[in-house]
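Alright, structures below, take your time with them.
Paired with subunit B in one complex and with subunit C in the other, subunit A is shared by the two complexes that follow.
The block that comes next holds the complex of A and B.
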């Protein structure tokens, strides 16, 4: 048995992992989610803003991180629509604009089509700008310098929502969906330090441990990885029963495959250590 | 024929037969996309995806081709897990090429046109690309500076003038150093020290809050022990050695958390790819 495990082709592990993820995707098991304090704090911040507050949606991500961050972005937009907040979309990643368009199309103009949100009054899409932290510094000082027009080429001065919007401090809240650089860390460093600015973030798992130290003083809340997204969907479902059906919540559905993949990982880690100890006892170095 | 090649051929043929059978028997259609027109106020006709059963549904060959191409590329990348092969290399090359092309076009429009040309030639940009650009916008000659500096970068290709390429680089390095110094000092040094100054005995509504007190104590001990580990002016022996040893444990726990979060992220990516294959392509389950 030990020799078999020592010689095991790693491709069997890949196959096991594929099955551990694929079978739950097909069977769609749902597990209960409870919002953690970090998620709850961010949810409450958006919830407690008065109707019509201006929320700057800094969607700094692109398709490779859509699986993790897409559900967060969707939940943020959904929650802002439920609260009838004004939304200003922007992103600093070149491949990000189609994802912002997707959220506007599916949520603002799709799910909430009956609310008749008007472009320019209720939401604006500024589009992509290069410059990373320099762009963030500009947004924090003079938005028009870096965004003279919106994504469609309209002058910001003629749009009611952005007419009097001078810089990021005119927003009541910044919601950043961050896949890396530039992202949440840069928003804290280059915008958060310039004044009293509330920033909430949804981030990839890779970034999350680096950003936890910013909570609660520099970030009002953090959604960490798909788990954070699932918790946020659960928080919305608790407050708004029309979203209680788990099948409507992408992140909650993705937690099923997570569980089985994690169980497999744990089993493999235990097995690997058992094989290692057994090899040492046998006296062979492998 | 090697064993691995036989398995590869078996998987290809079995997959192909499975696709043909599924296409012939599936009521939902395999990888077929139907669209319907969206009422639009302007002249531009847009389309949205719909079910085949919708009375206004029209078969979309382009979107269907897109789904099949995406499915092929997904499987081509997965195939690397078995063995490096020509399909994987093709997918890899396509990603590199498409990304380079996309970034070039995106940066041309959003950087050169939107940020530079609007300032130097607003009338031209208004007539050519951005008709809604403010009529009052005038030429800002200061933007000649970044234009000239940008052109200097190309001097790298002319040996006699290559020294000019150092000027824009010096500008970039200097600007970023200044920006980062101030911001990082504030966000990651002063603010973090302030966040670490917490009460060790937490009182909530006049009563002792055990868990909050333990959390704050843990925060303080973790910071102190980690700093001790990175303090190399004193030998790590005796009591100091034990404190720094605790710091190592704190670091290990942090690395473990980072690894676990990374694993969670990668599994999510795999989950989304399977969702795409099973739902968007093969239509095995409903969304």
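The block that comes next holds the complex of A and C.
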């Protein structure tokens, strides 16, 4: 047995991982979620903003992180629509703009079609700009220098929402969905440090530990990975019962596969260590 | 001359950006430098594309190992660039219906949108998702409690892995609320808020000092590695 485990073909592990993820994806088990304090703080910040507040949606991610960050971006847009906040979308990742379009199409003009949100008055899509942290610095000083027009080429001066929007400090809140560089850390360092700016973040699991030092002074809240997104969906569902149906909540649905993948990882770590101890006892250190 | 000009540009831009933080009169110069940087960043895409083209064209021409992949890369590259630049299949915008190129290049249903939605999105997501298989394999083969530090790491990983999924909540649901820190989610929060944050602060301070030192060396022309390997 020990020899078999020592020589275990890694393809068996791949198969187990595939099953651990695929079976829950197909069976759709739902597990209860409770918002953590970090999530609750961010939810309350958006909830407590007066109706019609301007929220700058900095969606800095692209398809590889879509599975992890897409649900939290959608939840942010959904929550802002529920509160009738004005939204300014922007993106610093070259492959990201279609994901912003998707949120606008599916949530602002899809789920909330009956609200008749008007482009230019209720929301604006600025599109993509290169420049990373330098672009953020420009957004923090003079938005028009980097975004003279929106994503469709309309002058920001003729759009009611952006007409008097000089820089990021005219926003009541910045919601940043970040997959890496440039992302939340750069928003804190190059925009947040220039003045009084509220920033809320939704980030990948890898990035989250790097951002904890910024909470609660520089960041009003952090959603960490798919778990954070699920907690945020739970917070929305608690406040707005029309979203209590788990099938409407992507992240909550994805916590099933995550649970089984985590349990498999734990089982593999335990098994690997049992094999390690057994090998040492047998005298053959591997 | 080839070396002096970039060094002067780096010195002037660096000093301007630094001084502008303290001297408001210099702020317009700082903004101008920022705009130039953004223009250069956009031009870098052209350089990147050209480099990709030359690199793979050379591999195909010399029939190096894996040249077939280079061919696929170049074909995909040309198709994407053509479809995007020509706005192929993009209907005109509502505002300018008589101008065939007035529509948004990524309009839903257009070929570039199709490429993004059904090729770029799933392919890049799949590449990222493959990590889970390798992490699982590594968990079995490499995550061994060989010494005290490894055991501490292992214990922490156990708590966090359980604390970040429903199993942790379920397993310690019997713990009274006053002892929340002893639950898996509670312990995870403590690890993140205390140990991780403390460690990250130390790392951030160290990195910041390093960045400041390197920046000064670049501004003063002591570090010329950005000019290329020969410098």
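We take it that the second predicted complex is superposed on the first by the 286 of 286 C-alpha atoms of A that agree within 3 Å, B and C clash if a C-alpha of one lies under 4 Å from a C-alpha of the other, contacts with A are read in each partner's own complex, and residues count from 1 in each chain.
In this text, a contact is a pair of C-beta atoms (placed from the backbone, for glycine too) under 8 Å apart; a residue touches a chain by one contact, two chains touch by 3 or more.
Owing to the predicted nature of the structure, the values given are computational and were not obtained by experimental measurement.
**Student:** Looking at A:90 after the superposition, I want to know if it touches subunit B, subunit C, both of them or none. Which is it: first, second, both, neither?
**Tutor:** neither
**Student:** Determine, under the contact definition given at the top, whether A:225 touches first (subunit B), second (subunit C), both, or neither.
**Tutor:** Once the two structures are laid over each other on A, A:225 reaches both partners.
**Student:** According to the stated criteria, A:16 is in contact with first (subunit B), second (subunit C), both, or neither; which is it?
**Tutor:** In the superposition, A:16 touches subunit C alone.
**Student:** Can A:146 be said to touch subunit B (first), subunit C (second), both, or neither?
**Tutor:** both
**Student:** Going by the contact rule set out at the top, does A:25 touch subunit B (first), subunit C (second), both, or neither?
**Tutor:** first
**Student:** For A:130, is the partner it touches subunit B (first), subunit C (second), both, or none of the two (neither)?
**Tutor:** both
**Student:** Looking at A:82, would you say it contacts subunit B, subunit C, both, or neither? Reply first, second, both or neither.
**Tutor:** neither
**Student:** Given the touch rule stated above, what does A:66 touch, subunit B (first), subunit C (second), both, or neither?
**Tutor:** After superposing on A, A:66 lies in contact with both subunit B and subunit C.
**Student:** Considering only touches as defined above, state whether A:101 meets subunit B (first), subunit C (second), both or neither.
**Tutor:** second
**Student:** Taking the contacts subunit A makes with subunit B in one complex and with subunit C in the other, which residues are shared?
**Tutor:** Residues 14, 17-18, 21, 64, 66-67, 94-95, 97, 105, 129-131, 134, 137, 146, 152, 205, 208-209, 213, 225, 227, 258, 261-262, 265 of subunit A touch both subunit B and subunit C.
**Student:** Over in the complex, which subunit A residues touch subunit C? Could you list them?
**Tutor:** 8, 10, 13-14, 16-18, 21, 31-34, 36-37, 62-67, 94-95, 97-98, 101, 105, 129-132, 134-135, 137-138, 141-142, 145-146, 151-152, 205, 208-210, 212-213, 225, 227, 255, 258-259, 261-266, 268-269, 271-273, 276
**Student:** Okay, in this complex, where on subunit A does subunit B touch?
**Tutor:** Per the touch definition, subunit A meets subunit B at residues 11, 14, 17-18, 21-22, 25-26, 28, 64, 66-68, 94-95, 97, 105, 127-131, 133-134, 137, 146, 148-149, 152-155, 157-158, 188-190, 192-193, 204-206, 208-209, 213-214, 217-218, 224-227, 254, 257-258, 261-262, 265.
**Student:** So in the complex, the part of subunit B that touches subunit A is made up of which residues?
**Tutor:** 48, 81-82, 99, 102-103, 106-107, 110-111, 114-115, 118, 129-134, 137, 175-176, 179-180, 182-184, 186-188, 191-192, 194-195, 254, 257-258, 261-265, 267-275, 278, 284-285
**Student:** Which bits of subunit C are touching subunit A when the two form their complex?
**Tutor:** That would be residues 27, 31, 34-35, 37-38, 41-42, 44-45, 93, 104, 106, 108, 113, 116-117, 120-122, 124-125, 127-129, 132-133, 135-137, 139-146, 154, 157-158, 161-162, 164-167, 169, 185, 189, 192-193, 196-197, 200-201, 204 of subunit C.
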